[in-house]
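Each of the next two complexes has chain A plus one other chain: chain B in the first, chain C in the second.
Moving on to the complex of A and B:
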């Protein structure tokens, strides 16, 4: 087991852009995507703002280049769009079969948007039951893989809001073990009534625009989206120039509670410290002081931001690097969040820019730091650490390094 | 990549949770739906917790507990699970509430327990296990994905063990909907006749099977997982014979050296047609066994097959109820090949060797 893993392509669709260019433009203009829900059919549309992609499934299908919207859940459509962009960005011809290529996705809802519309119809004797085939998360992954023509490995992981950090990590390890040469790794999750109502019942949705790391924060805004990275081995990379390198990753468990994190953020502490440890194995002379920026999980809930902040303080002491949560731009895209934020972290490295933590006003008393308030440009970012934590205490951290 | 199975825990439609037993008594079902035989959960979970747990959560946590006890390990170094549909009962409960109450005044409990990683996370909380924790949800190869990750973990650090599990439940709603699409046999009256019934469809099942894997054997050892291969077959071509031969060659084995092939026959004529060319390629010389008449067809059925293979190695016998009519397995079992496939779209192979 050896070898480096490079990122050669990125693709994204989220509330602030249907591709990387649009997303970057929105980030640079501090244009967020949180607003009134208009596409999802929910009774909460006027009271719960979200980072919704303002395109219908028919419009998404056109972008994805497919015609069948009955058998393509929104999660699959979003995934196809982001994965195809990542592939194109990497300059890979899907017909080039010299390298073993896998598609590893992550999702929490899969085809739930179809299920929640159709599922009770069976009781009324309606014959349309095909939706059941699209329900489980693997279906959307296979639609994405089929659209792109890759078949050497398809897999899907689901660890709630850290899901796509784990698909990226799994992809990298498959390359390390020599089982694959290239992996499209990421995640996709559409908004659904199921998740919107679930988070609403948990009373962790902010009725206004979310305020991560702010003393007055009251919850998160949900979002939707998909993002994929093309990961390649050194051999597959050849003489091409990568966007960056994936140098650190770790997965740990808080083992405290199904939905709340431990008071001292032990799981987040472990995932960050383990990721830093892998980075120090991969990068000669690496020191945690070399982390130039932390893209935080920073959901805006009382519990997450406090415990993540405590864990960051415990690791970095009095030299905490700039920290921001970009969730006020995109909303919390759940299973796609880690991949969405991986793309934003890579854009930060490539464009020498730290995007701000919108809506921050007053520091959390227990924390040693304030997040980044204003955009920082012209800064060299060597190593960016990105956190993703989920229900079930599933905590994961990725580290991307400039090449 | 290899690993040794040091402990198992299996809750299935058979009374498999008692480690002393090995299919001496077989449960049969008179419909195409096999539900698990539940152990006395109170022996594993505190009553106050038990009341709040969904059925699949109880199954998963208990199977994991049985496995850890069997292996004599308190806290594993990783918890890796696979589930195809995830927590269906809780998902349906929350969906029903959401629809019935027009999205108002919902209780979050079912939502909290509906996420796919619920079982793996709950085991972590119960054991205070802060280590690696992951859930694979890739339909019929969810278990194989979890096994692959487990083997990778052990290769990365041979000092660390892994708790691997496959969990799946079939709810009545899912059974009825998929039944209306022809998934299940309509007139099956005895699950032992699963392969004789020539109607389309199979029988639905469920289960929770856990394994404790380590890099080195000890006196508890069941078997060695010597190899794993997964094949995605979106063209639905005939892949099984070539896939098997290539796999055996990679592991330096000829078909004649396989003492038992455990096959995923499920009674659906289209599905079982995959095995014609496969058995032919063995020249009819390999003793074969089947198991889906015992556990039913479900996304995690291969976890039952791995348990079966491990128990055969440990107990040194092949139960009559799993033998295919034409097979006459006898003598020592040193190598077991497990092949599973789902609608010819996903194939998997697991090679087991004696410790």
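Moving on to the complex of A and C:
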């Protein structure tokens, strides 16, 4: 079949691990990463828990193999670490230039951390005003691409919490249509005062550990992290064995509200329907029943979990596959969330495990299902559907299939 | 013709036109590349034998009804009855379409 897109490498850094091995170990041990903020300098440190990576920028720079922390925002450092791991996991030598290779990264804050520290001293001139150069989200992508040495195409997606689903989808479409052979696609977002204060103002942060799909849920916990997938065409793949295939993807918008989903979850309904339709074109005989697991967006906010649940019910009716949100492990990593959950979905496929939806107690009355409470092991997952929905009604769904 | 008969005949015409329009829309959204509108029997089952559509196609028909006709189907099971044939689809649309 022409235009297939394979995943050959994954890389991740988040609150539960600074690489794939550590992240998998935490997931298997049900060890979450939500706790007191200690690295970010914020007045909310005692009040708002988050999924923070307990490493300073200097420590991250050492992991990323760079020395300049002034011109590398935290978002860029996290991205370099995850992208380098993905590349290594795929067994790709960055110097191998036989294939056209792109870097598509997603972010919502970019270099906001530098801006927050330095903007008051702008008039002092250099180096205090260098942050202006690092502020834009695309700057972090360019730093990641430069560190790895790929330049056939470098692009940045910023569509709120669906950002990295859209960067993965964009990368997949470039390969599908023969414009690139390999794409390092994912996203990176660091915690910042900007996001913490912004979400706090929206009153959708839980002051305790978040409880997605629970009747008593009161909001989300923010997180930070980066994750990347190496996507490759069949030709670039050659005789190597892929981790899985990206068979379905779609983006939709319910054009309803700046931050809320429409009450009937029309956007999520459309993104899931359209992704399933893509998958049915790629997989002969594909049926709704073939979806073995849904990694939900499941932020823990009143609006998201209800509307996502309604949309899932509308699509799957009485035969809803196991559903879990893994955000209680990592926090909501915003622009990186879809890539983080893509990695977790792929780990689920590769390790025959469905990771549980932590902190669930009581079902939402309006919904027909409750999420997975306990870890499910030894299960064969053929196709995993992963949702990521963003502000502005920007909704995306990815489907990963076992090879 | 009496007004009542005229009305009936208008309705029949509207229904026939809708059936033809639906055939085109179904072919488009489901990418039925080798099928022409005249190949689809308005009374033949869409699922199973007939056109042999599957559960993902049913989902696309639900999306079609919502996008093109403003009709929302909450329960996928309900869809099975509505999508029995092109004619049942047309009847359902005529009955539920917002004026």
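General observations
Just so we're on the same page, the second predicted complex is superposed on the first by the 396 of 403 C-alpha atoms of A that agree within 3 Å, B and C clash if a C-alpha of one lies under 4 Å from a C-alpha of the other, contacts with A are read in each partner's own complex, and residues count from 1 in each chain.
The rule is short, and it goes like this: a residue touches a chain if its C-beta (ideal position, glycine included) is under 8 Å from a C-beta of that chain, and two chains touch if they have at least 3 such contacts.
In this text the structure is predicted, and so the values were computed from the model without any measurement.
Contacts of A:28 after superposition: neither chain B nor chain C is touched.
Contacts of A:350 after superposition on the shared chain: neither chain B nor chain C is touched.
Comparing chain B with chain C, the partner in contact with more residues of chain A is B. By the touch criterion defined above, A:264 lies against chain C but remains apart from chain B after alignment on the C-alpha atoms of chain A.
Contacts of A:276 after superposition on the shared chain: chain C is touched, whereas chain B is not.
Once the two complexes are overlaid on the shared chain, A:363 sits clear of chain B and of chain C alike.
Contacts of A:314 after superposition: chain C is touched, whereas chain B is not reached. In the overlay built on the shared chain, the residue A:137 is in contact with chain B alone; chain C does not reach it. Applying the stated contact rule after C-alpha superposition, one finds that A:382 touches neither chain B nor chain C. In the superposed model, A:287 lies in contact with chain C only, and not with chain B. Where the contact sets of chain A with chain B and with chain C meet, they give residues 266, 270. Interface residues of chain B facing chain A in the complex, by the touch rule stated above, are 1, 79, 84-86, 91-92, 94-96, 98-99, 102-104, 106-108, 111-118, 120-122, 124-125, 127-139, 141-142, 145, 149, 152, 155-156, 173-174, 176-178, 180-181, 230, 232, 234, 299. Contact residues of chain A toward chain B in the complex are 1, 42-44, 107-108, 110, 115-116, 119-120, 122, 127, 129-130, 132-133, 135-139, 141-142, 145-146, 151-160, 166, 170, 173-174, 177, 193-194, 197-198, 200-202, 251-259, 266-267, 270, 390-394.
Within the complex, the chain C residues that touch chain A are 31, 54-57, 59-60, 62-63, 66, 72-77. Against chain C, the residues of chain A that register as touching in their complex are 264, 266, 269-270, 273-274, 276-277, 279-281, 286-289, 314-318.
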